[in-house]
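Alright, structures below, take your time with them.
The two complexes that follow have chain A in common; it is paired with chain B in the first and with chain C in the second.
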Partner chain A sequence: MAREKEIARSDNASDKNKQRRAFIDKSMKLGLAAVAGTFGVTRLIESAEGKAIPGESVELMTTDGKLVKVDQRSVEKIPEAEHVNPREGFAHRKFVMVIDLARCKNARKCQSSCNKNHYITGPNAWLKVYKMQNSEEESPYWQPTTCQHCDKPPCVKVCPVDATFKRRDGIVLIDNDRCIGCRFCMAACPYSTRVFNWGEPDQPEEIAALPNDLDYGGVPAEKGTVDKCDFCPHMIDKGKLPHCVTACPNGVFFFGDQYEDTVTNGDETYRLSELLEEKSGYRLMEELGTKPSVYYLPPKDRLQEFEKGLDNYDEFNSVEKEEKS
Partner chain B sequence: MPWVGVAAGRKSEEAEYETLLTADGKLVKVKKDHLSRAEVVNKHMSNKNLLSWLGKKK
Partner chain C sequence: MTQFDQVIHDLAPQRFNIWGKLWTGLLIAVILVGAYSYYQQLKYGLIITDMRDYASWGVYISNFVFFVAISLVGSLITAILRLSGVKWSTPLTRISEIIAVAAIIMAGLTIIIDMGRPDRLFNLFFHGRLQSPIIWDVIVITTYLVISVLLLYYPLLPDLAILKKYFAKNKWFTTWYTWLSINWTGSPIQKRLSRRSIRALSVMIIPVAFSIHTVTAWLFATTYRPGWDSTNFGPYFIAGAFVAGAGAVVAVMYVFRKAYHLENYITDYHFDNMGKLLVLLCLVYLYFNVNEYLVPAYKVTEGESAHLNSLFFGEYAAMFWLVIVGGLVVPVIALIFPQGRKPLPLFIIALIVVLGAWWKRYIIVTPTLLHPFLPIQGVPESWHEYFPTWREWSITLATLASSLLIITGLIRVLPVVPIQETLEERGIEEPIIEELK
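Coming up: the complex of A and B.
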């Protein structure tokens, strides 16, 4: 009996020993796992903080012109900019136009292209070519006139419904859905470049059915609202030049970004500041303080005879009407 | 121990980034402290090298 008790006690002690060993074994494994886990987490943190962990590297260029190799894992994407807000315009841009009066022959291709691409059917075009003569002693010249996209636009100041507005890229636009047709802006504009849609626009049905798009000024036109040259933001958005610039056969219009100090007519590109200085560029009615974005180069060293332009001249007809049978 | 110094070494939550150009013409950002440890391949890229690197005409 005593022997049996002795065996039972011995078995009991052996079981406890086994349990203790198993406990120590488990604890050791758990400890090791914890250490390994912490080490892994530390490496992840180190990786996130950019400490030297070998990996695939990628070549990148810094803003100061260095070419560097950076660990692929530390490179983060910059989300692409969303579509330009038509009321805000393009960031970091300031659009300007230069019109070289020495080159203008009154070919009026600028006007017809603008009319066609903006579906202008009213009595007045947005772009007009005026016959100018400063004095009897001076010879006459042709002067294309668009909206001047003033930096201090009087039209924007007087609009009672915030329909006409200036964007950060310098373009002045009209929201035809907001326009109430009061024509205060037309009265305020010293350049007379705004036009009024007196009648129902005679536009193609598919154009008239389009929703009002601020990025495509005045398309579709609406009866009882004001329209004007929009500097073609819909073309700029595609990386193209405004219609008048590309249509002109004489390279009269230059368009560009003042911040880049560059203007182009599609064939020739100039530094804006140099062009204005060398050719004595000026702005219309500068004394008014409206700060237009359109510059003119005086008509010196003219490349053509003024009289040839008279063939195309029609003082009160700037929009060709299609003959209807 | 591996976790010692992690908290002390952690900087403010708002890390400063630098904008860089990739060879395919896209913009990316990299933390400034990563960049300071990056290997400099070319200290001053010429316009010709830049166009070549971008895969454009020389």
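Coming up: the complex of A and C.
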């Protein structure tokens, strides 16, 4: 069951030496990982906690990619980083996504992976690949659309019972145990990203029997409540990327932390600010003032012609249904 | 029979004849069918409706808006007309207050019917957040219900005291009337207290009435959606509410005048005045409609044009024009002529107006949801459209029947026309035999 929230922590061995070696090992690994990956400094600081040895210094990587030596005693751990309250989320983090439309061929692997891993059973997927065309003169393109995890979320504003909420790390989630099913959030969301469990969700029994997990949308889904893309905090907790990011064969999705200014699709890592500047990134319906956490890169210099994606296009279907005999 | 006895005899609640009983039976039958459908909904979820992720609100919500609209008439007739010194509306105050109470109760129940998790209703109190317009609605609707009940009850006190004596032989009635009339003797102090309380409530109910429908309009106007994203929505809804409510009062007063033979109390003059009032209200509402549709139609932004096209020329055009022309323009023209304001024609026009008002709310709610910002893709074809299932219809009809049953029930036990005020207006004194005992 892919539900454990435990982040791999430094070992519990009492031997101080062993601890220190493990710590240094870890710092090095994470330091390297930070060059290629998303989670750098905060993770390092986290593992430095409680092991202050006078005079010892520790190597840390700054947000602009330089290695610096810092006295261990001056390293402070960010308290909540390990045990994250799923309602509050990570302190000092701001998760963002960049979707490169030039790479999208409508392979729909993102969607099927999302559907499968969130046990989506209704006919409406959380992640959709829209066939878009802005005007007749412009060429069509494929637009994968997740929840935009707005910084000014209209859905959260209208929720009467605080069932849908915004975390400090930018993620917008739903508490399915609290939702009263009024569907005001669905009317308020301009991105049509929210779906409703109109009937009893037909999930596998072992999923349906699980207690509600705020960090894991759809586990389990509840009749009469709203669901949507959760930005996969259950994967972030494990230091992994969201399902759609890893499932995409074309590296369309980049995920990362805005404060670290780094986004990665698993293979390539970019500075978020440079990527958005160089490729003219934009957000959907900026004029509404919702301030989404999802950025788009325009479909310029595409990997493949738009038409090839039509093979996978199904106007009336976004969730594969098993044939029931 | 003295004048006094005659008035009381005429205005006291009467036993239902066969039609009254059939009517009550019919309402109960409709409610039972709806109750069965609602049981199905509780069991299987909102899947039994035709609502889906795009048309996520449907007939329940438009029906809710309709009930809130109807309930506003209580404030119009009892408060606004009373405070502005209009005398002719006195016999209509009780009818309108009964309608208001019935409608606001059913508005509250209808919104619960729409909830996906009615079992979590109390989350609204445990976890309520003040920035949600739904919480504002909960606050103002409960406030309105309380004030409306009081506005129905206070003027009833002298009537109940009179009826307590009139129904001396009926033990059940006497007990209740005695209990409800809380020692009303009609002493000067009591009269002064009552007068002042009613006046205070009449003042208080106006802002609360405006709030309930403004907030209900804001449930839509606080979203970004074309067709709802309008600063005009609050006054537009209130103007429409008065039209619907006035229509409902005309319909109810016609039926009970006929059933209780109250031609001496609810006269052609009252119908004539209500007809004129309805013309005014329809014209004000038409003015807001012009604002609501003409301005976006002039600008033709991308989102608005898709929405307006479906209303003016598309799949909702027939309903839209029927509601505007049949439900507002034609009634105005018909009611300009004195013959149109005679009881029967006015009754028919009022029914059409109320029916139009109901459909008007339907086409405010549904078309907008089916024109979202991003295209509707990747969902079953049936999700692109919305039309209520028979279960939704049966539940909706049951809520309408419930409001009528509340009205019918209250009229069975309460005097439809205020007795005390009628006596005062006619200068008839209560015989003081009782006092001598």
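Convention: the second predicted complex is superposed on the first by the 243 of 325 C-alpha atoms of A that agree within 3 Å, B and C clash if a C-alpha of one lies under 4 Å from a C-alpha of the other, contacts with A are read in each partner's own complex, and residues count from 1 in each chain.
Keep in mind that, in the parts below, a contact is a pair of C-beta atoms (placed from the backbone, for glycine too) under 8 Å apart; a residue touches a chain by one contact, two chains touch by 3 or more.
Note that the structure is a prediction, hence the values are computed from the model and not measured.
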Inset, instruction - Based on the superposed arrangement, let me know which partner A:125 touches: chain B (first), chain C (second), both, or neither? - result: second
Inset, instruction - Could you say whether A:102 touches chain B, chain C, both of them, or neither, answering first, second, both or neither? - result: neither
Inset, instruction - Have a look at where A:207 lands relative to chain B and chain C in the superposition and call it first, second, both or neither. - result: neither
Inset, instruction - Look at A:197 in the shared chain and tell me whether it touches chain B only, chain C only, both, or neither; answer first, second, both or neither. - result: second
Inset, instruction - Could you say whether A:186 touches chain B, chain C, both of them, or neither, answering first, second, both or neither? - result: second
Legend entry - First (chain B), second (chain C), both or neither touched by A:66: first
Legend entry - chain B or chain C, by number of chain A residues touched: C
Legend entry - Touching partner for A:57 - first (chain B), second (chain C), both, neither: first
Legend entry - Contact footprint of chain A on chain C as seen in their complex: 44-47, 49, 51-54, 56-57, 114-118, 120-121, 123-124, 126-129, 131-135, 138, 219-220, 222-225, 369, 372-381, 383
Legend entry - Of chain A, residues touching chain B in the complex: 35, 38-39, 41-42, 45, 49-50, 52, 57-63, 65-71, 74-78
Legend entry - Complex contacts: residues of chain A adjacent to chain C: 123-125, 128-132, 145, 154, 157-163, 178-184, 186-188, 190-192, 194-200, 223-226, 285, 288, 314-318
Inset, instruction - Provide the residue numbers of chain B that touch chain A in the complex, in ascending order. - result: 1-3, 6, 9-11, 17-23, 26-31, 33-35, 37-45, 50, 53
